[in-house]
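Next up: the structures, one after another.
In the two complexes that follow, chain A is the common piece, with chain B as its partner first and chain C second.
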Partner chain A sequence: MAKLGPAHYSPYPVAVYEGILTPPKGKALLFTEIVDEEQAMREAAKAMLTRENATIFPGPQVLYAWNDEAKEKAKLIKEMAQILDAKIIPMYDYRPKYPKIDPEVEINPNHPNLTIWHNKIKACIFIGVHCHYANVALKIIRSETDCFTIAMCSQAGHEDAMITLRDQHVEEIEKFLEVAKEVKKELGKA
Partner chain B sequence: MAYKIYKVNEEFKDIVPEEVVELEEKATWGNPKRGVMDLPVTKELLEEHSLCAGCPESAAIRYILASLPNPEDTIIVNSTGCTSLVFPHISLHTVHSLFGNQNSVASGIKRVLEWRFPDKAKDVVVLAGDGATVDIGLDYTLQSFFRQEKITTICFDNEVYANTGGQESGLTPKGHVFKMAPKGKLFDKVPMWQLAIDSGCHYVARLTVSSPKKVERVIKEAIYVARELGPTYIHLYTPCILEIGLNSDDGLDEMRSRDKERFAFFEYKTPHAEEVIAKYKAEGLL
Partner chain C sequence: MRMIENKVEKNWAGQRIVSPDYLLFEAPREKHFMTGSEAVKEAVKRASVDASVSYPITPQSEAAHLIGELWAEGYVGVYFRGENEFGVMSEVAGAAMAGARVITTTSGPGTLRAFENFPMWSGTRIPVQLVLMARGVNSPLSIQPDNLEVDFLLDTGCMIWYAENVQELFDMILAGFAVAEQPDVHVPVITAVDGFFVSHTREAIYLPPDDIALPPYAPYKSPMPVIDAEIPPGRFLRDPFVMKSNYISYATHASWQWEVRSAIERSRPYAKHYLKGLTEEFGEKDSEVVFIACGTAASQAKEAVRMLEETEGIKSKVVKLKTIRPFPYEEILEATKNAKYIFIPEFNVVGWLEREVRKALYKKSDAEIIGTPRVAGGMTMPKEIIVREVLEYIK
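After this line comes the complex of A and B, so read on.
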């Protein structure tokens, strides 16, 4: 049995207890290091292209057409899935499901034992997930699996992800797609 | 419009579950004339529930959700009890408060919404059981009436603390025996509908949920009056068939039998509330 973590609710320490904080503006977080955004994008693309069952988890902020940015991001995320040869599993809302969710079809942060496809997903991107639920889900994944998590956040980022890209709007996602295409070519997968 | 948050991006329609797409395409958003008659042909806002088979409370919740005139701009505040098993499964904004303080939470939400969206109707509806409304939360409930908060309070009265094994509540009738109240209740049922009137509610109703159309009318009137004037209160009899020893298909008969006695339909409207209701009737919304 694992020991209780410092927060007394998770058996493992969360990132912030290990001194890991979100990156400053214009920078990104790669494990524990603050790095340039492009470097983090390259590593993120590499992880998605080389690890098993790479999956994108789009959240409600991009799944629903509630503003123009969301509509634009939806197109880019579809393209992203093609470039990275990734599956898409939506996190369309955060209601706990009864009697249980189907992890093949959706991801839900309220069901920690089922998230990340019984740990068969080895790399994933969180995008458009509301920060408070991204924090919950990323903490669970960090402590319970060996999935390589990448947070593409439109706000300050998430320290519990292995890679955090902050302030990710349409322009930044377009840049990520270009970087991903380059990395794919370098890996001989294009 | 607020219901745009239910519109799935075209790119993702092939990957989100069918029920989410249906919520956009077949639910009755932006239609204040929606009602219980839509239930068989439209997408319900309650996906599924985890209440007991045949529970009248589940019927009550389905009728209420079908009757909300403005679901896309409605926030539901609920409390601990059987009802709290349902709220995670509904497609509206809900807030689970502490046991009893639901009317205080609703007051705060309503005030902030009025300040933030002064030109838009945003309804706040409290749904709680008899324990939360009349026992543990009586103070908070009545204080919100005294303060004339513009919220609708709906009490699901099953006359017992059902999901904790059958303890008597303030709304248990005198003499009733439950598993955890073997001596029988020694004092009378709290006349909550009367307290609501005395505390300043503009619209009060007491009924069972045996008649869906009646539930719809009462819910709509209470919400419109709360929107314009101040607190409204609805007292619904939703018997716990398990605790009173009935089968799962006996709920409707139990309610119908109480329609003729202690839950005979009762309605109170202030003159101002009558005016509001007449106005909405003239607009064809009631």
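After this line comes the complex of A and C, so read on.
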């Protein structure tokens, strides 16, 4: 992603139109740069530990026990929240909520900015959100807010997030937790 | 998909599952002689296709019925005739949303009858493949080679690839599934060919064995949940933020549409790999006379390149576009850096490819862009006509 939002009136320009694509296998995206995964993990941990009201947004792929990986990831996400001193606000489905959502208890991909505005969230992690909905939400967040977005994706990643980590499965999330612990220690917050 | 003896993984048709790379680039191939319609059958036979729906319209009818034969032979899971093209495109969408790999075919006015479905396909992120055997759109009806309907499809949010010949059609159908089903792409692919010139013409083609096939579609990698199982029995379209006229729905719609277009852009590296580039050049690399074309217009332009050199001593080249969406901006810019004259031969009256090329080169090239020769309604484009028009401009 080119820069932190708020970017524009509408979700434009989107990252691919600035020439940024999802990172190749084994790599990550840090703003516009393709970097090593560990470097991106360190910057992600730092953003979550230093920006206000850091929040993890887990999606349906980790909120429901679809399979053993989902269950394992869910446990790790709870641990992640503790290490990063972050809140958890779930995106438990993708239906738009009318007449309004309760932004203290959920986030929705069709109007994610409401939750971010209400809770004054300055850094967040998307994890377990289906790629299309993550991408729709990340574009709106960049457009409407100054929230630093981090995508931990089990597939190819999300170029509209400020940091993209791709192919994130149990092993990679465990690695991220170790990196986060180190960064926390370095920041004197452990 | 099932595991059988010797742990060889097979699809439900009993074919050995191989990687797209093996199927496209490594498997041994044998020479055959067949039409474009028959090539469609051969590609679908090796594509682990779950479902196909057909409706007759010239010139794609034969391809559609040959896919039906594959169903009878046990290679395609579900096959039936739709009520009309609108029904066909809706029915394949339903199958894709349920997690099936699907393919269908259409032509000319059938495309327009089905039209509302194409942006719905891309908006619901289904990797349907449509083989479009172009025949044009006109009243009174034309059933001749013409590719006007491609112009209508350009902004539907679908990838659009263009095959020049029977061989390329076969390879593109297989590559189409491999690219369209990438989780970060996952939009439909329309594989276009010129009707009759390709669909009905027998050509040499090299095919891998028919006992190997693509891996089955993996719907759980889809960027959207397969169907919407939140509320039984499952809804087939997404929740209607469309119905709410407020700022939130506007932002969501905007983001959604950008996301569909972004998905096409993300297909570039995959398409470059499986198609061996988004463009292909023929002729003298540094030529000042360049033809930009797709489909059989590229074939004719190649003949013109030969004739220009043999009869006039003029060196020229063809830049053949394999993909229209994504549009190969960088490749065209690089390929035309020495160009003084860029000719765009087309089989339609509107010159949609000329428009695309002008947009790509606007303020980036000093070359004169000439949208000619342009023929339509079934007219052919002899190399002599192309050469004559080139000579009129450059002399």
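FYI, the second predicted complex is superposed on the first by the 173 of 190 C-alpha atoms of A that agree within 3 Å, B and C clash if a C-alpha of one lies under 4 Å from a C-alpha of the other, contacts with A are read in each partner's own complex, and residues count from 1 in each chain.
Definition applied: a residue touches a chain if its C-beta (ideal position, glycine included) is under 8 Å from a C-beta of that chain, and two chains touch if they have at least 3 such contacts.
Here the structure is a predicted model, which means the values were calculated and not measured.
Engineer: Figure out whether A:157 sits in contact with chain B (first) or chain C (second), or with both, or with neither.
Structural biologist: It touches chain C, and chain B stays clear.
Engineer: Give one of first, second, both or neither to describe whether A:25 is in contact with chain B, with chain C, with both, or with none.
Structural biologist: neither
Engineer: Have a look at where A:63 lands relative to chain B and chain C in the superposition and call it first, second, both or neither.
Structural biologist: first
Engineer: Would you sort A:17 into first (chain B), second (chain C), both or neither based on which partner it touches?
Structural biologist: In the superposition, A:17 touches chain C alone.
Engineer: Is chain A touched at more residues by chain B or by chain C?
Structural biologist: The partner making contact with more of chain A's residues is C.
Engineer: Which partner does A:106 contact after superposing on A: first (chain B), second (chain C), both, neither?
Structural biologist: Only chain B is touched by A:106; chain C is not.
Engineer: May I ask you to decide whether A:140 touches chain B, chain C, both, or neither, giving the answer as first, second, both or neither?
Structural biologist: So A:140 only meets chain C here.
Engineer: With the two complexes superposed on chain A, say which partner A:95 touches: chain B (first), chain C (second), both, or neither.
Structural biologist: both
Engineer: Just checking: does A:77 make contact with chain B only, chain C only, both, or neither of them? Give me first, second, both or neither.
Structural biologist: Touch status of A:77: first partner only.
Engineer: Common interface residues of chain A with chain B and chain C?
Structural biologist: 60, 93, 95-96, 98
Engineer: Quick one: in the complex, what on chain C touches chain A?
Structural biologist: 125, 182-184, 186, 221-225, 230, 238-241, 244, 248-252, 254-256, 258-259, 261-262, 265-266, 268-269
Engineer: Could you list, by residue number, the parts of chain A that touch chain C in their complex?
Structural biologist: Interface residues on chain A, with respect to chain C: 10-12, 14-17, 21-22, 24, 60, 93-96, 98, 110-111, 113-114, 130-133, 135-137, 139-140, 143-144, 155-157, 159-160.
Engineer: Enumerate the contact residues on chain A facing chain B in the complex.
Structural biologist: So the residues of chain A touching chain B come out as 58, 60, 62-67, 70-71, 74-75, 77-78, 88-90, 92-93, 95-96, 98-99, 105-106.
Engineer: Residue numbers of chain B touching chain A in their complex, please.
Structural biologist: Per the stated touch rule, the residues are 4-12, 15-17, 20, 47-50, 88-89, 91.
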